[in-house]
């Protein structure tokens, strides 16, 4: 009975949504207002204006950089949320199921992970640094970095990872995302420009492009390192269990 | 615009979504959810968004699923418990 | 009769949008009807990805390429709309953040109450 | 100075956000240092905000282009008269942080102090960013920052029911955020832009389609959940009552107002009165819901014994008043909605001040006695005269007794309903006001006139760091009431611009 009412209500909502979807301009047509209003400028001048061959990187770091600052703040907030609920891991009081399990992890897994992790980290760095030219960017690379930490923890144990990644350094790196934006954005502010402006007119024109690349790179590395550390910290905080 | 592969993928998306809803075993549901995310990544690749496909594969199918798995291992495995 | 054909036509042209709407309500049903909290949250993730699917689809262009402008690209190449992609990158991260907070809440709830069933949790209160 | 003040709207946001991100780093070695850091950051943000408000009232709204890109291409921060609410946010933020210095160690361990202050700064940053942005997607991002930190702040204590309350809030809040996002997506698909002013312009050009109406419905659903309007208010009582008291003050005073600010932005900045979409049927419906909300909140508050629970239900009731005020608009004759809009906006400010006073006083009582039930707290007024005196002032304010802050806005809203030709709403509001009066009399009676609880023997006044914020807030309650023309003068341009009238508009005889 209760289920029936829910299904009926949800069905009504579906009809509402579908009526909206049907009235939208046809998908995939270049005449759509979404495609003809702002996009032409991004596609035509984005490479020179924003300083990245990958227009998406140009948009997320330059045209809509403020949104991305919000995004890195959201993941920082999520980490703080997880810490507020569960607390930091502490080897004196905590261990994990991985460490406690009596099943010996197989040699093959250990060998493969040991061999692969350096390459995974290399790949992550490539994705972070090459984001302006190809698909990828700070956060994708950061997620892969975080995943490599997860793989290490699952094969070599919880306590090893916590020892290798001391809390003091992690606390600093977790804030790297917003800090990268702050450092790059404030330079423009001091030169009398708006926040997050990367082209500094008072510098000789030959160096302007270089400085912009440098500032964008700081942001990318900040997002990547910050994102990766946050994912690792969230994982460790959720994985821990109290010692008996 | 629509190609047969796209239609197939979209229908597969619906099937996996219903699969997530109907599976009583949470571990199974998490794995199906991972498959759902991967399918979504492929759909986005087809729509010309490789950046998003990369992100969804790493975050949606990877990190989110791992988080679900930890939560399931720390709590319950059956839906009715 | 003609109206009906036209409606079907529109439904088919905007098929991605319809799928997104359907996924949205599947997720909504899970959030409302299921009593297990982890299941509820899987539903919420489905809702979020369905909205992302809608936004990405609204940026697609017939025969469009990924908007990476490099060598070997003539001025005639059609690129897809890059704005929705930039928005969804942010969206995916937000979805993951919400999931992390929610799951840690569930772990704590289970430690305190020993169940993740919404009906049983109501009785405990 | 002029050059500098132009940057202020964005400076205050990044100060709070970056300050929040730095909190764990600066307090690595000494956890208690995080308080001083948070205090400093909030003072800095308050300074920037004051500069921005000063500029607003001398030179008009500030439009700030992030990265220097002109609006439809980049993100625009738009500091207009509605954004004056950020002044309240940053000011209340300082008081709450000062209050937390002693109080919060009662609820959480020292280990979590940096986390707590980070989250407080981030929730303030999210709210400030939300109120000043002029871009729809940016609105969603800041909405998520403030919601996530809100969920976390509720669950930060070790109490048993907090995680449950927080989870309920999280599920409803996330669904509402997603529905806002879907609304943004539909509008983007129809108009091809994300800037609010540009959307308004292009909606005029393309005319209303079904999708535009559906987007409006989705926005209203989303922001109603954030504001705890009647059918979707279920998360509020538990969340606001169980959170640590300073957090309750933030959530009840400011975070639910975010829903109101969002609705104002969407209805009156994007869709616009006199625009292509006639949304008065939606606002009329909202008016009915608001009337029910007033009664439901007041009715349930009457049966509570837990002092914070009473205040939480009373928040629901007051949100009803505000929504009633802002939804009384006529599409063709904007002047007719002026009184209600005025009252609603003033009540946003007054309710924020009064409700945070009440929650902080309740926190002081709980901190000293450990009890939270009204029946246990009876007769405490003689032991803690200052706290209870302030609580009485705030209670009289919220009940709407004439010389205090609550009177003027409720008066305006009720006048607005009559002016608008909906006397039935006026009846509902008066009935709600009477119920509110009754239960606050019940609280005052219990605190002062019932015989003291024997188990509370050695209780003295709350510490200074808690008394100072509540006394400042109580003075605020009185000033906003006695010098009522002050808030009215400040809010008048906001109400006028929302209705599409010139900012110097004055009603006849007003």
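As written, the chain order gives the labels A, B, C and D, with residue 1 at the start of each chain.
In this text, contacts are C-beta pairs under 8 Å (C-beta built on N, C-alpha and C of every residue); 3 or more make two chains touch, one makes a residue touch a chain.
Predicted, not measured: the structure shown is a model, and the values here were computed from it.
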item: Chain pair with the higher count of C-beta pairs in contact (A-B, A-D); value: A-D
item: Subunit A and subunit D, separation of their C-alpha mean positions in angstrom; value: 31
item: For subunit A paired with subunit C, centre-to-centre distance based on mean C-alpha positions, whole Å; value: 18
item: Distance from the mean Cα position of subunit C to that of subunit B, given in whole angstrom; value: 10
item: Contacts with two or more other chains, residues of subunit B listed in rising order; value: 1, 50-51, 55, 59, 63, 67, 70-71, 74
item: Sites on subunit A at which at least two other chains make contact; value: 17, 21-22, 24, 27-28, 32, 34-35, 38-39, 42, 54, 56, 64, 67, 70-71, 74, 77-78, 81, 85, 135, 137, 139, 234, 238
item: In subunit C, residues with contacts to at least two other chains; value: 13, 15-16, 22, 24, 28-29, 57-62, 64, 66-67, 79, 83-85, 87, 89-90, 93-94, 96-98, 100-101, 103, 105-108
item: Pairwise chain contacts, counting only pairs that touch as defined; value: A-B, A-C, A-D, B-C, C-D
item: Partner subunit C, residues of subunit A touching it in the complex; value: 2-3, 6-7, 10-11, 13-14, 17-18, 21-22, 24, 26-30, 32, 34-35, 38-39, 42-43, 46-47, 53-56, 59-60, 64, 67-68, 70-71, 74-75, 77-79, 81-82, 85-86, 133-135, 137, 139, 227, 234, 237-238
item: Interface residues, subunit B side, partner subunit A - complex; value: 1, 50-51, 53-55, 58-59, 62-63, 66-67, 70-71, 73-74
item: Of all residues in subunit D, those that touch subunit C in their complex; value: 137, 141, 144, 148, 151-152, 155, 160-161, 163-164, 166-167, 170-171, 174-175, 178, 181-182, 185, 188-189, 194
item: Parts of subunit C lying in touch with subunit B, wherever the complex brings them together; value: 12-13, 15-16, 19, 22-23, 26-27, 29-30, 34, 36, 38-39, 42-43, 45-46, 49, 52-53, 56-57, 59-62, 64-67, 79-80, 85, 88-89, 92-93, 95-96, 99-100, 103, 106-107, 110, 115-117
item: Subunit D partner contacts - residues on subunit C that touch it in the complex; value: 24, 28, 31, 37, 40-41, 44, 47-48, 51, 54-55, 58, 83-84, 87, 90-91, 94, 97-98, 101-102, 105-106, 108-109, 112-113, 121, 125
